[in-house]
Amino acid sequence: MSTIKPVLVVAGVRAGGTGAATAAAFARKGYSLALISRGAEDLQALVDDLKSAGSDATAFPVPSYSAPSISSVFQSIHTRYPSPHYAIRAALYNASHSIRKPFLELTLADFHAAQETIVEGAFAFSQEIIRVFKENDIDVDTGKRGFLIFTGSTTSIRGNRTTSAAAPAKWGLRALSQSLSKEFGEWNIHVAHAIIDGIINTPFSRSRFNDPPNWVENEDVRLNAEDIAKAYVYLAEQPRSAWTWELDLRPAHEKW
Amino acid sequence: MSTIKPVLVVAGVRAGGTGAATAAAFARKGYSLALISRGAEDLQALVDDLKSAGSDATAFPVPSYSAPSISSVFQSIHTRYPSPHYAIRAALYNASHSIRKPFLELTLADFHAAQETIVEGAFAFSQEIIRVFKENDIDVDTGKRGFLIFTGSTTSIRGNRTTSAAAPAKWGLRALSQSLSKEFGEWNIHVAHAIIDGIINTPFSRSRFNDPPNWVENEDVRLNAEDIAKAYVYLAEQPRSAWTWELDLRPAHEKW
Amino acid sequence: MSTIKPVLVVAGVRAGGTGAATAAAFARKGYSLALISRGAEDLQALVDDLKSAGSDATAFPVPSYSAPSISSVFQSIHTRYPSPHYAIRAALYNASHSIRKPFLELTLADFHAAQETIVEGAFAFSQEIIRVFKENDIDVDTGKRGFLIFTGSTTSIRGNRTTSAAAPAKWGLRALSQSLSKEFGEWNIHVAHAIIDGIINTPFSRSRFNDPPNWVENEDVRLNAEDIAKAYVYLAEQPRSAWTWELDLRPAHEKW
Amino acid sequence: MSTIKPVLVVAGVRAGGTGAATAAAFARKGYSLALISRGAEDLQALVDDLKSAGSDATAFPVPSYSAPSISSVFQSIHTRYPSPHYAIRAALYNASHSIRKPFLELTLADFHAAQETIVEGAFAFSQEIIRVFKENDIDVDTGKRGFLIFTGSTTSIRGNRTTSAAAPAKWGLRALSQSLSKEFGEWNIHVAHAIIDGIINTPFSRSRFNDPPNWVENEDVRLNAEDIAKAYVYLAEQPRSAWTWELDLRPAHEKW
């Protein structure tokens, strides 16, 4: 990649979560970071942390993951990380929307919120990313013009009693990733999807769950965001002869 | 069902298609028909045909399958087929949106059109239907308060190069059907999903496809809407001990 | 089928079970019955019952479902139901082998028993059946030379902690059925697979399970063999334009 | 792992193939190698190559992958790599049996050969391996007592016209791997399955296929065994919080 600085774009970042850990992991590989998220203040704090650790990171707050928000934020990203000095070569769509309710209690707004954040945002994000990737040259080591990954969950492969809003969106995201993987493989663009099956040890989940009681201490029963990030870095580095569309990630002791 | 007249509601009806054939098949079983579709004129013509054949059918044209359209049309349906004289006991969500384009040629409007017609409409339709079903008594023969089926396709289980708008929506619909099947089984509400794998012999497809040349004449290579309808009637009549969530339907000679 | 008598062959028959119920259901449609099973005495008693009910049924006891046993028993079937007076037009492979053990407690004999009964037997049975089907003419109503169905279960689609012997065999059976469905569709031979998800109310299961306490009385929580048989008859009668490879069958209240 | 030397056991090794490349990759990580294969002479040549490259490798030729052969060869492995000086900590079951024939041309011997090499061998191999793994201590970095991986293919997830012998065996192997992953995760034993989708560039495939004409030169259309091996090493090193049961691997330009 010579003197062109590679950039990772992440949508969906929260302190201590998968997006933040992935950003940090790619920064260690020499990437600049464009971080898209709601919650401008928290996002800026996270970017400040990354910068004090020596990374080149920029916050791109959005009011929502609607397609217009996504399109608009990419204009700012291109201004901040202009070609030919920078090239976006990796992207993670990690935004999600957690909602578990009995079907008849779901409002249309609930349904739309899941669709917008999970599918519409990913659609717009992918169009922006793939348009950029197609202009990149092919990396010699990996055979890639770019790497695009989506974060899924067990809800991506199984509808359940309380997931009648989330499951349609997560299945939709998975379908998008499969279609894109098939369409853009021959462009040497690598598209992947990860099924995260288990609770991730984040400040958010620690504040929310205490069942089983020792889940935070017991490394066998929950995911570390850093370990998910390692998997994403691994996938980004897979050489052209052996690319993965999908893998699952779960703690050693997870019941499934 | 004594003197209460059962009603089938179908969303997505076109002359000679799956919706129309299902309507006719349920009419022969004694159901009144509430038919929701775009294209008021064609819909009325189809309803007139059904009525001349002796069925009790009513046209409920909609401008779109958006949730508000669906909610609004159900008010008209309840007015036309009021309780306790009528009871909606079967429903088919057959509306779909065919779109095959390279990903980067898709507009946001394309994406939304697929989402709205396939997923949002089904979500709103299902809420209306299941609310009604929960008020029904349990049919002695089938053990059902009601039967709700969704029409899927191979795009429902496989993303492909030109289906990056359609596949997310159809996978989403399938996820919805699975979630609802799991949530409402214990309410004795039967929710099913059919994967139609092949071309259906309709006026529309006859006007559009002529490959292979003899496909209309060759009964082994395409689906008849009437045969899909028979499958839907069969599913509606399955007894409580053995309900199907999903089946596939394809012509004898289909390559798959 | 004019004056040629159609024959159903069933492998895996036990009083009150799926095989027996399917036999009775096809007998009511005019089929003669060739019933293959272990346990000669019980099999003969069941055949006697079918005969007193007016069916034409014959017992073909086997020492095992090994391929040689299956091949040998088909010679007897052809002798008893000779062409051109009889034509085998439907077949059910219903033999299974229930084994749930921790992996390290499984013996090689356990493993082989599951493989032999579930996969090897089905392989040999299918070769016998499809060779015969290919000689049949095509039925006008269904477009079929013959119908072959396999009984699967949730173990057919999910490996679990105690199914490391059963799951490989049941997944193997499902793979066989899918391969055959694809290969012989163009021969107008219909191959199907049913996933039975739940407990079946049979003398055997009644003697074995009493959890939940009222499961036998509660029609919403278990399958009736007769209802599975109805599904098999339905599939056998599907017309050529709309054949099902796979459906699932479960009680209304089944958790899944 | 202090002064205890880790050992990788591979079943199914051929010069230039996945097994050999995986052996070499683990050797570079400090593993001793126990290589099981048919074809004693070729196996010894391969072991000699590994040894000249500085690896500690031993050939364990087998006449077949039958369970008795596998059990017997493990006695030799334990003699050669005795505890506590050595500990088997990784294992690859890579043996397969390629057979593509129309169903009615398959002999029972064909069917058994696929079953024996693909499923029975894997069953026996897994029992030997997991018994050993359970005695290991838990590795601090990975949280594992051991890592067991199986090589699958697209035939593992799709039955096709000419795979009615291979698909039942490969689906069976995948089911075994899923059952074991679920049963032994809580023992900190990591079981994985890889779906290799595409042609692998080996001496064997180069001698056999020349379609498309430039497939050997074009790095985008075929897998390198070394890249599959990299994936296996990555999986072996996944930390306890994020283990993968299954991933797919295919060339950038593969049509799927």
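Every chain is named by a letter (A, B, C and D) in the order it is written, and numbering of its residues begins at 1.
Keep this in mind: a contact is a pair of C-beta atoms (placed from the backbone, for glycine too) under 8 Å apart; a residue touches a chain by one contact, two chains touch by 3 or more.
The structure displayed is predicted, hence computed values, not measured ones.
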item: Geometric centre distance via CA averages, chain D-chain A, whole Å; value: 32
item: For chain B paired with chain D, centre-to-centre distance based on mean C-alpha positions, whole Å; value: 47
item: Residues of chain D whose C-beta touches two or more other chains; value: 182
item: Overall pattern in which the protein chains touch one another (line/ring/star/complete/other); value: ring
item: Which pairs of chains touch, using the document's own definition; value: A-B, A-D, B-C, C-D
item: Footprint of chain D on chain A - complex, ascending; value: 143-144, 182, 185-186, 188, 190, 201, 219-220, 222-224, 227-228, 230-231, 234, 238-256
item: Chain C-touching residues of chain D, taken from the complex the two chains share; value: 67, 102-104, 106, 108, 111-112, 115, 119-120, 123-124, 126-127, 130-131, 158-165, 167-184
